[in-house]
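Structures given as structure tokens follow.
Shared between the two complexes below is chain A, which pairs with chain B and chain C, respectively.
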Partner chain A sequence: MSDAHAAAGALAARALLWIVLAGAGAMLATAVLSLPEDGLGLADETLADLGRTGVEHPVTAVLMNYRAYDTLLEMAVLFLALVGVWSMAEARPRPTAPPGLVLQFLTQLLVPFLILFAGYLLWAGAHEPGGAFQAGAVLAAAGVLVTLSGAQLPSVPRALHRSLLLLGLVTFAAAGVAVQLGGGAFLEFPPSAAKALILAIEAAAGISIGLGLVAIFEGGRPSEPESAPR
Partner chain B sequence: MTGADGTPLIVAALLLPLAGAAIAFAMPRTTRWVGIATAVVLLAVVVMLCGAVGAGGELSHAVGGWGAPLGIALRVDGLSAAMLLTTAAVSLAVAAYGRSYFRDESAGPAGFTPLSMLLIAGLNALFVSGDLFNVYVTLEVLGLSAAALVARAGTPEALTGAMRYLLVTVAASLVYLLGVALLYHLTGTLDIRLVGARLESGAAAWSAVGLIGAAMLLKSAVFPLHFWLPPAHANAPAPVSALLSALVVKASLYVLLRVWLDVLPAARADFGAVVGALGCAAVLWGSTQALRQDQLKLLVAYSTVAQVGYLFIPFAFTSAAAAGTAWRGAVYLVLCHALAKTAMFMSVGNIQLFGGDRIGELDRVVQRLPLTMAAFAVAGITVAGLPPSGGFVAKWLILEAAVQEGRWFVSAVVLVGGLLASIYVFRVIGPAFTKGAQPRQPRRVPNAMEWVAFAVALATVLLGFFGMPLLELIDAGAPFGNALEPER
Partner chain C sequence: MSALTLLLDALLAGTLVWVAARALAAAELVTGIALFIAFGLLMTIVWVRLSAPDVALAEAGIGTGLTGALLFAALARLRRAGAPDNRGENGDE
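What follows is the complex of A and B.
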């Protein structure tokens, strides 16, 4: 009796949920259909000031100059994701079985080109699609490939590794503060120095993004902590 | 009104916690000192910032020199300053407590300190932001760091709670982002004030505000969207529960309040009535659930559901005078509740360490952990809203507004919520005096943990005596006054 009661209650709750969802969906559909065909945007303003941003590609200008602060916080999000992964577990031990011939050969063939390509994307970001995030992703692909093929990534001291993981965020913030100390606003890159500053930030960010993604792929912090925090 | 003096302080408040996180990560040996040192400096910076805002009204800063709509504007008025002050105060207490709580932690570079500093960075960035998309990025920082912190407890329950919290908070962020996308399409800007100036009432505008509202109610765990809060807050390590209950649930209240004040005045009365009713329901439901709990941390977590309800009641008021009074009370309550909940979770953390985290298992705790139980009782006075605590001042203001508008039901809810809170606080204190059914072998609780909990609890009472300067700070830059005037 009470079981049937409970089942009926659950059914009613589920039906109510669907009704609410359908109502919200209908409302949203009406809203979206009512939108003007040509939405307002900031395309004209973005292009009008492009000359003062130090880059020629509007997307890069938005990411690295107009809304550089958002990108700075996104770098913090990536750092946070890494710290979060490291805080949960130690990395799995790598498989020791030797990789197949194909994987080994392809890795040796591809990795140098991937690194070169990452450098190209970084440079190209100033005038066509590309930039630090794309370059970092390609760099990470190279790192993941090396990891999967069972080869050792070049071993660097732990402290250096962590510094490189932070390089992008720290460079970005330091550049922002430096221009502010020079009399501008936070992250206000003077047009004459903007190109150099943005390239430096993107290079640093690209390295940190690439290493960060590889470290996240490893699935945990490096094993055996060097010292107990005390 | 660009405050030339205050601007570096805003940027410092943003970057200090990031720097703390970076140092703790790069040099794990420093981790026991970095958190507390950063928190001390941050508190000093925020107090100076509050002074600047109190003296000169709203401060603003155009990041990158572009200004809205192309760039991102940072704005700090009395409301932001009060939220920053709350954050800095709680982060100092939690850093001091966490130092002892996590002293055996072996996570190396990725422990409590960098994660909590990143959480603080996200909060500070949110409270100074004047841009809807920038707010979304700060919500990402908040959600990720909070979920990772909950998982630090390592138990299966904590991992489940953390995962559910992560899914809820990410889903809510995406709903928020959809609302922001609609607003951008309609107005061609992401700056909160410019959106408000350009937005015209219509189906899309209402949907956008509805989406943002629903997302923030979910993130704040307002009844009936509170289902994720008790498991996450109750299973997290005590200092993390304190951060979540004291600060994180209020971040989404802040976002909703900003949107409500600045974006769509036409929607105010209708949305306000709904949100206010949910707030009342949350007070009653959360309090009765807290009464029924046996596990201490769940009791405190349900109490958060109830107290957050109070913060949403002022949305219901329609007259400028009553709403202004109620909002001052609510923002004051944010500060008082933050400190009180911090003290409560710390006391419960001490009791847990001592042994036994259920009411039935309390065994002469008062005699053996006098400071801890005193902290719980004193914080309980603020949560119940009894004089002379800060909670009394805050709830008195909300009550005054309710009486002013003749909303007797709301007044009754405010009073009944206080009564229920006194009962659930006393349910803990009573058994703490007496001998438990099973005598326990106590474990030692570090002195620092007892003293920090007690000091924070004491601060909530002191807040009752410093009401006036704080209420004046909240009013700086007239966050409520200006926005509410056109409604008359």
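What follows is the complex of A and C.
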């Protein structure tokens, strides 16, 4: 393809992009402007049944109970993203520039607190902002810090690593099927068991999300030859 | 709403859009990523101002922290692969 040809193509693509963007922007603006002033959404319905969801925080109730199906699929999307990253490349060892003292010290100082805070967020999710995704993100931040500081993450057997990555998705789906076997619909948690089920799912999901995000940060599947890669 | 909060909110919203525009227009990818992280932190404050602390937590953790780290890691990888780290107006991939 000639240069002029390519330039014309790029220009056309750019024009198309602007048209699409302008259209999407206009639609978004129309949608926002046409919203009624008040009485939006399902807030009343959400709060009315809050006592039967197993949690006290309405956002967590929506995520883990009313719309558990969406959250399950979100977990699946994260897992698929990891599968995509792993299928594209092998993680290359990072250049071993010696990390600065500040980074090393901060990592040592922060990582225990981050892990503790992840646990706190997980538990707090039941009655105030928090939950599995936030806990997973904090856990992943700890993992990323350790990786960046040049330290080795603890080496675990490959099968265990992969099981932990799948744990959240599997627990979630298993809980859904279990309540189905108990006579309800898929993911229709009975009020009596909802709290335990949601806590179990969130704990498993938090671990999987944290490990999954670290694995995505590594930028590829663990190198094969070693018996215990991370 | 008092005049002061209104002023602060307006400042916040204006800065948010400005940082977003600067991030997109940054000539150097490093600058773009740094501005993206700044954008994420501002966005976190905006979510708090909108009384959505749940979203703010997710934005700070995943949207800013991890995505920023991921972008920097990708940039380091690009450089190691020998790709140019400055992008031209029409991209040079």
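Simple rule for what comes next: the second predicted complex is superposed on the first by the 188 of 230 C-alpha atoms of A that agree within 3 Å, B and C clash if a C-alpha of one lies under 4 Å from a C-alpha of the other, contacts with A are read in each partner's own complex, and residues count from 1 in each chain.
Rule of thumb we're sticking to: a residue touches a chain if its C-beta (ideal position, glycine included) is under 8 Å from a C-beta of that chain, and two chains touch if they have at least 3 such contacts.
In this text the structure is predicted, and so the values were computed from the model without any measurement.
By the touch criterion stated above, A:G183 is placed in contact with neither chain B nor chain C. After overlaying the two complexes on the shared chain, residue contacts for A:L213 are found with chain C alone; chain B is out of touch. With both structures placed on the common chain, the touch criterion links A:L28 to chain B but leaves chain C unconnected. Once the two complexes are overlaid on the shared chain, A:G84 sits against chain B while remaining clear of chain C. Of the two partners chain B and chain C, more residues of chain A are touched by B.
Within the complex, the chain A residues that touch chain C are 7, 10, 14, 59, 92, 95, 121, 129-131, 133-134, 137-138, 140-141, 144, 148, 213, 216-217, 219.
By the touch rule above, chain C contacts chain A in their complex via residues 53-54, 56-58, 61-62, 65-66, 69-70, 73-74, 77, 80, 90. Note for the complex: chain A touches chain B at residues 27-28, 30-32, 34-36, 39-42, 45-46, 49, 65-70, 73-74, 76-77, 79-88, 159, 162-163, 165-166, 169-170, 173, 176-177, 180, 184-189, 221, 225-230. Taken together, the chain B residues at the contact with chain A in this complex read 7-8, 11, 15, 18-19, 21-22, 25-29, 31-32, 61-66, 69-72, 105-111, 114-115, 118, 121, 125, 133-134, 137-138, 140-141, 144-145, 147-148, 151-152, 182, 184-189, 202-204, 206-208, 210-211.
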